[in-house]
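What follows is a set of structures to go through.
Each of the next two complexes has chain A plus one more chain, namely chain B in the first and chain C in the second.
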Partner chain A sequence: MTRTAEAGRRQAGPGTRQPRWLWPTLAVPGAGWLTVLFLLPFYVVLAVAGGTVNPLFLNAVPIWNPLDWQSGYVRQVFSDLFGASAFLGPSVLRTLLYDALASTACLLIAYPVAYFVARQAGRRKGLYLVAVVAPFWVSYMMRMLAWQNLLQGNGLVNHALTVAHLITQPVNWLSGMPVTVILGLVYGYVPYVIVVLYAGLDRIDGSLLEAARDLGLGRTRTFLHVTLPLSRQVIYAGALITALPMAGDFYTNTMLSGVPTTNMIGNVISSSLSTPGQGGEGAVLVLFLLIVMLAPMIWYVRSTSRAESGDVL
Partner chain B sequence: MGRAHMNRHPRERRLERPALSRRAFLARSAGSALAVSALGSLLDACAGGGQASPSASGTGYPLARPSSPVSWPVTSGDVIGSGLEPEENATLQLYTWEEYIYTKVVDAFAAKYHCKVEITTFGTMNEALAKLGTGQVSFDVFWPTVDVVGKMVTAKLLRPLNHSYIGNIDQVWPQFQNPFYDQDWHYTVPYTVYTTGIAYRKDHVSQNPSALANPWSMFWNPAYKGYESILDDYREGIGLGLLKNGVTNLNTTSQAQINQAKNSLVELIAMDKIQVNDSYTAIPDDQVWVQQAWSGAIVSAPSELPKGQSPGVIGYWFPPDGRGPVNNDTMAVLASGKNPVLAHLFLNYMLDYSNAMENFAWLGYQPPQRQITATGLVKDGFIPSNLASATVLPSYFNAGYRELELSPSADLAWNNAWQEFTAGT
Partner chain C sequence: MTAGTVTRAAPEAGLSRAGRLSQIRRVRRPSVLRGFVWLYLLWSLAPVALAILFSFNSGSSVTEWQGFSLRWYVGDPYYSVLHDPALHAAVIQTLRLAVLTTAAAVPIGVLFAIGVHRWRSRQASAWTFLMLLAFVMPELIFGVGIFLLFTNLLTIVRLGTTAQFLALVAWNISWPAIIVRARLQSIGDEYEEAARDLGASSVGAIRRVLLPMLFPAVFASVVLVFAGVIDDFVIVDLLSSNAQSQPMSVIIYTLGAHGGSAAAPALNALATVMFIMSIVTVAAGWAVYRLLTRGERHRAEGLSLSAFTGV
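Let's look at the complex of A and B:
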């Protein structure tokens, strides 16, 4: 037993000693939840990816025994991604590009907002937070439909731009413009980043900032040398929390574009899962996306553990 | 093994686009080896839209064609007896597309036959068949598309009809009293008919499609760049490419024709930024000016226009001689249902002219009723006068082009072409 742990136990005293089973027991609901709602569905995806197809109706037939799993779908998707007649490359590249741009934009928008709410809003902090969370009260579909309305040829956006003499002809925002899709993603996910960044920025010890000011740092240098480094982990978390779901997003694209040249990998997965005979390929693509997304996840976990061990701030 | 891919349905409000190939599926099937290696010979065998024999079709059952009608086998023991009373204290279970039947008509049926009726809906035919195929559900009435009738009969999901309960069959067009896809209507009765045409905004489109040498080529006019859409359906989409190129066999198995159609669609992406969606509101919302559309959907479009805008702003073109894509839907009694007598009576009820028309007024998709005349739907207010061309006439089913079930190999060729287009490469 380490000295710290021993000291901790001594401090707790005999009257407050916790039974060994208490903390593992508290984890049971979470573990059960994870098992039922993540591990089991994940296994179903694996079983479908290694499974076969109903010959008459073409729906996916999972194979539950891993020893019997077939590799046909994996090989097919690999061929579609990297083979001589590959056609999924552009969708994958578009996904990475849109995701990177939208995540960066989310951070650039969210950070000042979160900073203001956490450090400057004072007693109105709660009010601002509610305002930030308010978009969650309206369903994503409704918000996208609203944007369809705003962005259409005779919509308010074109009207405003025309009145401001920024355009002479209405812009067809909804016809395969990557910028519309990217901004749609930003709009959809930015509240998540704000909340995450706020949680991190709010926890920064104010005395550290005061110390920096006392030692002669101006506002800008205090921000650059103290606040920003201290919020690095939460920036990573914010980026991750948007980048992961964005990578699988298909709805934003469908609602705000509909043109094949803006298709993302989420659209490909969605359509393959609902197309007869392609359930297995869809399952493999889900796994492919998971593997791709594991890389930033692992990087984040390592970065966090390094930060906790004091290697970096 | 392997069946042709099910056609999309007008009520199938799918948001996503098919994008992947079915090569994997075919490659792992026993029949697929034959399908792939002997693709050329199979395509030749099926060329001309003729019926493929069960072995040549690769489906295990014949593919119905107008030139090769199919009479599905009936096991007499599966047919209910004549003159039976409706089930008592029953709840008739309907399994249909979302928003595909008017609840007021359904309620009237329930009141007439002193039963309850429950409606369960599905979003795609694929989803519905997968559910029915489990054998764990017991719906009474189902709405199969023409292209799945064969596989449903083969899987013994449908109950053969006892015609004595369905006297109203004489109210529908004669061709549906003995349709090529179900000779002697052993399993199905017709529900709706529809055409696939061109919907357009008259305030933006100065061209009259009828005045063009080939109206289907209208989509390739750069004047409408960014304001065009085609249906998110591999059969309708590739079908448009075929029609643009003058090919009228919408079940073609010619790889060259399919490739040519695909190349024409790819041109549309580069040239016109064509959208691929089934939006019912794109035309009334002014998001799209030229749209490949189903007649049943466009009939409802004027009601979606902003207040104050004239319904006359929307036009719909379909060849007046009927030489365009046409199709129909059916109703059938499911073998697993617990109320087969009520199910028969329900089919009969929906074939009655007044009930069918009440349903049509709400639905927008036209029933093939004999009493409907070429001008009657406009005169009676079912269809706005500017959309009179959305009226479906019996003659269209003689002259028109139908998208029917394909053999797996031909379906593969169509799917591959479509995915190359939708991948946006």
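Let's look at the complex of A and C:
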């Protein structure tokens, strides 16, 4: 016992007195799991994307050696995207449009709500926080189902609009209406943005705002010159936390529209997996999505870990 | 946190006129904002509340109230959650996946966090980066990748519960790892050092000193992973093989997406079961968490929100 203590005292710095193997060993199960089941799948995606198709059974035939990878699928997807019969082009444009509109709407809704809870809610802050965060804990599918109930042909939305004399015929909201899909996306993702924005706005030092006020800035200018610049980082984070998953969303669309005229890229990918002979194209599209998103993802990881270490110091 | 105390202490301390003015303004100001927040709350909560309400409808409509009944939960011999084999199996499958995934992902993630935190090398930061990347990866990309893995390379794993379990663990390791990592950073090394100076072995110091201090964080991640698996859709959908391996979210999606089935309120009832499961998990988790962190209530205020939303 004393020996360990002595040995401990003799050595310098934390972390050096344990056996060297201890810490890496603890990390091994997690690291291994992530390697095999998170990293390896990307190699399989590459192998399928660079592979061929079995002409008889139409299943994808991956090619494992990178040197033998074919460009057939890539070329095919490229022509589907930009070529003469570019049937994927509209889906991509729609994804960009819906994603941009819905993310913007999310921010516009979430910022005032988060701002109010973080800065103005006073004594009832905890209560507001719980209410505002509650949808976060309601299953996404349930929330989509709830809107499906409301937007049915004989649903409450049509009913209310008829009573208000805004429409005479029930509107078929649940089939091919972009506005419904965008509403679904906003409804689905806005709680996440609120949580992110709240965390950021709550962290802003209140004395800075006091100082701005004491120095004679009005409310609006305090907000514009102090709060808004201080929350810029967290606005970017909030935009990313919606824009990234929305780009790969297919279920909102299926639940609230379900017709090809509102298809997004996620719908194309998810249906390619179940369509014989399309697996390879699905893989290429996933790679395409990954390449587009990798930079913002890395930015997000970097900025959050920087914020974390900043907090500790 | 200090800022909050300063503002709160200010009225007693006697304010300057400008200060008092801004105090008055602060009371008056929120009215428009408050109205907006209430509108938001109505918009965000009412649809869910109505969905729950209509799961208790005695008729088969989800828009027209015909009286209260438990028909869609237990009463109806064909379509209720209790008697429809698909809905029944879905509840069990969700619970099974949630328990199994939590039991595996949390220990693995906690050990991973402790390991890379103390390892302190380039490799450790590379692993941390990988873990964080898994955290922000869009689920569809991960889901397609792991679907292709199980259908092309690790074909020994058939689609179904095993594949869902393996994938969900990989997807959820990041939660405990991130939460415990944050906690480790705030604890620092001193306690463990002290334990070792007093003669504990390294493993003993982890077990006797570090783990008890990490317990609230570990517990929070149990809640998060459990509730997260209940809510999960993309992975379990892509990896389910037959009706038996479709959890609740997938059933709601497949039955809900293809228009009103005869048993629409039964679907609402299933969603309500799911809702109750998540809310009970989170509420109980929150209560226990507050109990665990009683001694450090001040910190816990901020910590618990971040711990329970993972942001």
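Rule of thumb we're sticking to: the second predicted complex is superposed on the first by the 247 of 313 C-alpha atoms of A that agree within 3 Å, B and C clash if a C-alpha of one lies under 4 Å from a C-alpha of the other, contacts with A are read in each partner's own complex, and residues count from 1 in each chain.
Note that in this section a contact is a pair of C-beta atoms (placed from the backbone, for glycine too) under 8 Å apart; a residue touches a chain by one contact, two chains touch by 3 or more.
Worth saying up front: this structure is predicted, and the values here are computed from it rather than measured.
Novice: With both complexes superposed on chain A, which partner does A:Leu185 reach: first (chain B), second (chain C), both or neither?
Specialist: Neither: A:Leu185 stays clear of chain B and chain C.
Novice: Going by the contact rule set out at the top, does A:Ala118 touch chain B (first), chain C (second), both, or neither?
Specialist: A:Ala118: touches no partner chain.
Novice: Name the contact category of A:Ile109: first (chain B only), second (chain C only), both, or neither.
Specialist: It touches chain C, and chain B stays clear.
Novice: Which holds for A:Met293: it touches chain B only (first), chain C only (second), both, or neither?
Specialist: After superposing on A, A:Met293 lies in contact with chain C but is clear of chain B.
Novice: Which chain, chain B or chain C, ends up touching more residues of chain A in the combined arrangement?
Specialist: Residues of chain A touched, chain B against chain C: more for C.
Novice: Going by the contact rule set out at the top, does A:Thr52 touch chain B (first), chain C (second), both, or neither?
Specialist: first
Novice: Between chain B (first) and chain C (second), which does A:Pro41 come into contact with in this model arrangement: first, second, both, or neither?
Specialist: So A:Pro41 only meets chain C here.
Novice: Applying the document's definition of touch, where does A:Ala212 land relative to chain B and chain C: first, second, both, or neither?
Specialist: Once the two structures are laid over each other on A, A:Ala212 reaches no partner at all.
Novice: With the two complexes superposed on chain A, say which partner A:Val226 touches: chain B (first), chain C (second), both, or neither.
Specialist: neither
Novice: Pick one for A:Leu88: touches chain B only (first), chain C only (second), both, or neither.
Specialist: first
Novice: Can you give me the overlap between the chain B contact set and the chain C contact set on chain A?
Specialist: The overlap between the chain B and chain C interfaces on chain A comprises residues 148-149, 152, 154, 174, 250-251, 254-255, 258, 270, 282.
Novice: Looking at the complex, which residues from chain A come into contact with chain B?
Specialist: 52-59, 70, 72-73, 75-77, 80, 87-91, 148-149, 152-154, 172, 174-176, 250-251, 254-255, 257-263, 267-268, 270-272, 274-278, 280-282
Novice: Name, in rising order, each residue of chain C that touches chain A in their complex.
Specialist: Going through chain C, the ones touching chain A are 2-4, 6-7, 16, 18-19, 22, 25-26, 29-30, 33-34, 36-37, 40-41, 43-45, 47-48, 50-51, 54, 62-64, 108-109, 111-112, 114-116, 118-120, 123-124, 127-142, 144-149, 152-153, 166-167, 169-170, 173, 177, 182, 185-186, 189, 193, 196-203, 227, 230-231, 233-234, 237-238, 248-249, 252-253, 256-260, 264, 267-268, 271-272, 274-275, 278-279, 282, 302, 305-306, 309, 311.
Novice: How about chain A: which of its residues touch chain C in the complex?
Specialist: 1-2, 4-5, 8-9, 14-15, 17-19, 22-31, 33-35, 37-42, 44-45, 47-48, 60, 62, 109, 112-113, 115-117, 120-121, 128-129, 131-150, 152, 154-156, 159, 174, 187, 190-192, 195-196, 198-199, 202, 204-208, 210, 213-214, 219, 244-245, 247-251, 254-255, 258, 266, 269-270, 273, 279, 282-283, 286, 289-290, 293, 297-298, 300-301, 304-305, 308-309, 312
Novice: Going by the contact rule set out above, which residues of chain B touch chain A in the complex?
Specialist: 1-3, 5-6, 14-29, 124, 126-127, 129-130, 133, 151, 154-155, 226-227, 229, 269, 273-277, 279, 285-287, 419-425
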